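First chain A sits with chain B, and in the next complex the same chain sits with chain C.
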Partner chain A sequence: MYAIEVEKLRKEFKSYSSRSGLAGAFRDLFTRNYKIIRAVDDISFTVKQGEMVGYIGENGAGKSTTIKMLTGILTPTSGRVVVNGMNPHKERERFVQTIGVVFGQRSQLWWDIAVQESFRLLKKVYRVSDQDYNEHMDHVIETLDIGPLLDKPVRKLSLGQRMRCELAAALIHNPPLLFLDEPTIGLDVLVKLKIRQFLKEINEKYNTTILLTTHDMTDIEALCERVIMLDEGKIIYDGSLQRLKQNWGEGKQIHFQFRDIVPKEELMLLVDATWEQGEDRYSWIAHVRATDMAHVIGKVVSSYELKDIHIREVSTEEIIRNIYEEGIHHG
Partner chain B sequence: MFYISIFFQYMSQYVKTKLQYRTDLLVEFLSDLMFQGVNLIFILVVFGHTQLLNGWTRDEIIFIYGFFLVPFSLFAAFFNIWDFNERYIVRGEMDRVLTRPVHSLFQIVLERMELESLLGGITGLIVMGYAVSRLHLSFHWYDVILFVLFVLGGTFVYAGIFISLASISFWSDARSSIMPMMYNIGNYGRYPVDIYNRVIRYVLTWVLPFAFVGVYPSAYFLRKTEWYTYSFLTPVMGIVCFTLSVLLWNAGVKRYRGAGN
Partner chain C sequence: MGKYIEMIRMRFLMMLAYRTNYYSGIFIYSINIGAYYFLWSAIYGGQPSIQGMTVEQMTTYVAIAWMARAFYFNNIDREIAMEIREGKVAIELIRPYNYLIMKTMQGLGEGIFRLLFFSLPGMIIVTFVFSLQFTTNVHTWGYFALSTMLSFIINSQLNLIAGMVTFFTLNGEGLLRAKRFVIDLFSGLILPISFYPEWAQHIMHYLPFQAISYIPSMIFTESFTGDAVIKGMMFQAVWCVVLIVPIYVLWKAAKRKLIIQGG
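What follows is the complex of A and B.
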C-alpha cells in the first residue's frame, strides 16, 4: 500500500496581467488580459510507507503547490491524488487527522500563549488521549530538547526554538505521514543537525513517511534516499540520490594554485580536461573524471611550479545547479 | 459534542491570554464600559427629540434599539470576521486552518473570538429594561424562550450576511470595502422598517434581512400584532441565512488559491 499516489496531477491558476500605463489601466477595467499558468503539470509518482523523499526544485517550480494539494489545502484542477487511502480535499477533516504539516515560513502555534497551551489545544483538536499523548510526546519533547521552552509564549522564542516546537506540534497525533515545507530555513547548523537526527529517529521508530522540500541540499543528503526533482511544474528526475550523483557528479574538481600566471591555452594543450578560472588569475580548476585524476596532477606538477593543490568532489548543490542550467538529459 | 468541548477549550485559552496582560485587561474593560456608557447617553439624547415616528413612540424605538444590541453583541463576539480577507487569505493563514481536523469556519470563529463585545449585550438589556419600565409591558413565562430564540435568530442573520461577504474573498483577490458599508446598512435594521420606502423595506426584509435583527423580533414584545408573522419568521430567517452562508463558504474553500510563499 502506498502512502501517496499521484497520477497526472495538475493545478492551473488564472492570473491577470495588467497592461502598462494609465490607458492600459482603463482598458483593464473592461477587458482583462488573463493567462492560465500551469503550476503543476501532469505529474505522477508514488511514495511507499516509511520512505523519506526529498522534493526539490527552484522557487516557483511547483513544490509548494504540490504539497498543498497533497495536504488538501488546494483542490487540483485535474488528476488523481490518494494520500493515506483518502482523497485529501474531499474528506479534508478526516484526512488531516492522518498527516502532520510543518510550513517553515508559517507558524502553526498560537503566538500569544505558552507552547504547552498550544500543545494542549492541538491535543484536543486532534482528539489524542492523555495516555497516547504522554507516551509519545514525552519522548518527542525530550529528543527535541524543548522541555525548558514549554512555559514560554511562542512570540518569545528564537527561530530555532520555535521550529523545534513546530515540529513537535505537528507530531502530537503521531501521524503516519509528515509533510515538511522548508523546515530548516534560516536555522543554524546545530539546530539543523538536531532536527535531522530527530526526523531519522521518528522515521525508524514509527515508520513515518516523510516528504520534505528544501533548498538546503545537505538536508536531502542527510535524510533522503530518494529525490523527486521538479522544474516548471514537471518532474525531471525521480530516483535515488545515489544515481543522480553517479550520473552527474562522478567527476572531481582539482584546484591548482600556480606561482605564475598560466594561460588557459597552455593548460589545454597539456591535458585534455575542462579548465575553469578560479578565484584569482593564478588559480585554475580542472574538471576531470576520477580515473584521470592521477594523470592530470602528474602532468601539471611536472610542468609548473605550484603553491597549492586540492581535490574536491562535486557537491549535490552543484549537481542540482548544473541540472537546472543544462537540462536533465546531459548526463 | 466534540465541537462543544473544542469551543470551551478555545474559550478558556482566550480568557487565559487576556488574563496574562492584567493592565491591558483592566484598561480594555474600563474603556469598553465607558464606550457603552457614552452609547447609552447618546441613545437617550437622540431619542429625546423624537416623540413619535410613524406611529411608534419614543420608548418603543428605544426598546428596539436595546433589543438590537443583544444579537449584535453576540455577533460581534463570535463572528469577528470583517478582516478575514487580509488576515486569512492575503497572509495565507488559511493554509494552517485547512490542515486541522475541524471545520474551517468554526476554527476561525474560535480564533477570532472577542468576548468583551458581550458587554454591549448588557447595555442592550439595560436599555430594554428602561423602555419596558416606561411602556408597562407584561410578559408571559414563554416570552423568555421566544426572546432567546429571536436573539439567536437575529445573531445568525447577521452572521450569515457577514460570512457570505467574507466568502467573496475566495473568488476575488481584491480587498473589498464592502464590510464597513455593510455595518452601516446593518444599522437600518434597528429602526421601524415602515418609516422607509417600499424598496428599502423589501431589501431589509428579504435581501439583506437586517430587519430581523431589530424591528421584527421587537415588534412581538411590543405587542404589535400586525408584525407577528415577521416576528416569528426571525428564527427561520436566521437558520436560512446561516445555512446558505455556510454552503457558500464551503464552495469558496474549494476555490481557495492559497497565498504564495
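What follows is the complex of A and C.
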C-alpha cells in the first residue's frame, strides 16, 4: 500500500493584477484583470510507506501548494489525491489523525504558555492514551533533548529549541506520515544534525513515511534516498539521489595551485579539459571526468611546479543549481 | 469532549500568565458601576419606582449586569479575524477538532478566569461601597447562573459570526467595533430594555441582544418572577438554536474560500 498516491494533480489560482493610474483603479472596481496561474501542473507520483522523500524546488515551484493539498488544507483544481488511503479534505477529522505536520515558518505551539501545556492539549486532541504517550514521548523528549525546556513558555525559547519542540509536538500521536516544510530553516549545524538523526531514528523504529521540503541540500543528502524535483509546477526529476548525482555530477574538480603564473592556453594544449580560473592568478580548476583524473594530474604534475592540489566532488547544491539553470535534459 | 475541556484549562492558564493586566480592569468596572449608581440614584430622586423597578433593584441591576459582562464578554471575534488574516486558520484545519467549538471553549476559559479573578473580587469591593440588594433565594441564583450561561453562548455565537464576516469584508476593525457598541446598547447593559420606548422594545423583541444582558440581570434583581423567568430563558434558548444556522452557513462559505485561496 502506498502512503501517498497522487495522479494528475493540478492547482490553479486566479492572480489579480491592478491597472495603473486613477482611471485604472476605477475600472478595477468593476472588472478586474486576472490571469490563471497553474501552481501545480498535472503531477503524478507515489510514495511507499516508510520512504523518506525530498521534495525540492525553487521558491514558487509549487512545493508548499502540493503539501497543502496533501494535508487537506487546499482542494485540488483537478486530479486525484489519496493519502493514507483517504481523501484528505473529504474525511478531514479522521485523516488528520494519521498525519503530522511541521511548518518551519509557522509555530503550532501556544506562544504564551509552557511547552508541556501544549503537549498536554495535543495529547487530548489526538486522544493519545497515557501509556502510549509515556512510552513514545519519553523517548522523543530524550532524543531531542528538550526535557529542560518543557516548563518554559514558547516565547522564551530560541529558534533551535522551539523547532525541536515543534517536531516533538507533531509526533505526539505517532503518525505514520510526517510532512516537514522547511524544518531546518535558520537553524545552526548542531541542531540540524540532531534533527536529522532523530528523523532517521523514528523512520527506522516506526517505519514513518517522511516527505520533506527544504532548501538545504545537506538535509536531503543526509536523509533522503529519493528526491522529487519540481520546477514551475511540474515534476522534472523523480528518482534516487544517487542517480541524479551520477548523471549530473559525474565529473570531478581538480584545484591546482601553481608556483608561477601559467597561461590558460598552455594548460589547454597540455590536457583536454575545461579550465577555470581559481581564487587568484596562480590557481586553476580543471573539470574532468572521474576516469580522466589520474591522467590529467600526471600530465600537470610532470610539466609544472605545484604548491598545492586538491580534488573535489561536485556538490548536490551545485548539481541542483545547474539543473535549474540549464534544464534537466542537458545532461 | 476531553479536548474541549483541556482547551478551557489552556486558555485559563494563558490568562493567568497575564493576570496583572486585569487588576486595572477591576478598578475600571468599579468606577463604571459607581457612576451608574449615582446617576440612577439621582434620576430616581424620591420616586419609589420607575417602570416597575425600585432604586435598589435598579442599582443592583447595573452592578450585576457589569459583573456578568465580565463573564460573557470575550475577544474571540478579534482573534478569529486575526487568525484568518494571518493564515493561521490553515493550521487549525490540520487538527482533528472543530475550530469554532475550540474558539468558543477558549472564550469560556477566558470567561471563567474573569469570573474568578475579576467579577468576584470586583463584586466584593462594590458591595462594601454601595448599598446593593442581593437576593437570598437559591432558585433565583440558580436561574441566574443558567441564564448567564445562555448569554455567554449567544454572545459567543455573535462573536463567531462577526469574526467570520470579516473574512469577506476588507475592513474588519470597524465592523467589530460597531458590533461591540450595538451589543452594549441593545443588550440592556446601559439601560434596561423596559426603559426604551414602546416601538423600540417591539423591534428588540425580534433581536437576540436582550438575551445577553437584560434577561439575566432582570432575573437576578427579581424584576422577573414566575412565568417571566421561564419566558426569558426560553427566549435565550431559542436564539441559541437559531444562531447556529448563520454560523454554519458562514463557516461553510469561509472554509470554501480558504481552501480555494490557501492559507
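Going forward, the second predicted complex is superposed on the first by the 321 of 331 C-alpha atoms of A that agree within 3 Å, B and C clash if a C-alpha of one lies under 4 Å from a C-alpha of the other, contacts with A are read in each partner's own complex, and residues count from 1 in each chain.
We take it that a residue touches a chain if its C-beta (ideal position, glycine included) is under 8 Å from a C-beta of that chain, and two chains touch if they have at least 3 such contacts.
Not measured: the values here are computed from a predicted model.
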First, second, both or neither for A:Thr71, with chain B first and chain C second: both
Which of chain B and chain C A:Ser129 touches, first, second, both or neither: neither
First (chain B), second (chain C), both or neither touched by A:Thr31: neither
Contacts of A:Ser20 with chain B and chain C, given as first, second, both or neither: neither
Partner chain(s) touched by A:Ser302 [first = chain B, second = chain C, both, neither]: neither
Which of chain B and chain C A:Ile113 touches, first, second, both or neither: both
Which superposed partner A:Arg92 touches (first chain B, second chain C, both, neither): both
First (chain B), second (chain C), both or neither touched by A:Gln105: first
Footprint overlap on chain A, where chain B in one structure and chain C in the other make contact: 13, 65, 68, 71-75, 89, 92-94, 96-97, 99, 101, 103, 106, 108, 110, 112-113, 117, 120-121, 124-127
Residues of chain A touching chain B in the complex: 13, 64-65, 68, 71-75, 89, 92-94, 96-97, 99, 101, 103, 105-108, 110, 112-113, 117, 120-121, 124-127
Residues on chain C engaged by chain A in the complex (per definition of touch): 2-3, 5-7, 10, 13-14, 17-18, 87-88, 90-91, 93-97, 259-263
Chain A-touching residues of chain B, taken from the complex the two chains share: 2, 5-6, 9-10, 13, 16-17, 20, 92-96, 98-103, 254-258, 260-261
Residue numbers on chain A that touch chain C, as the complex places them: 13, 65, 68, 71-75, 89, 92-94, 96-97, 99, 101, 103, 106, 108, 110, 112-113, 117, 120-121, 124-127, 153
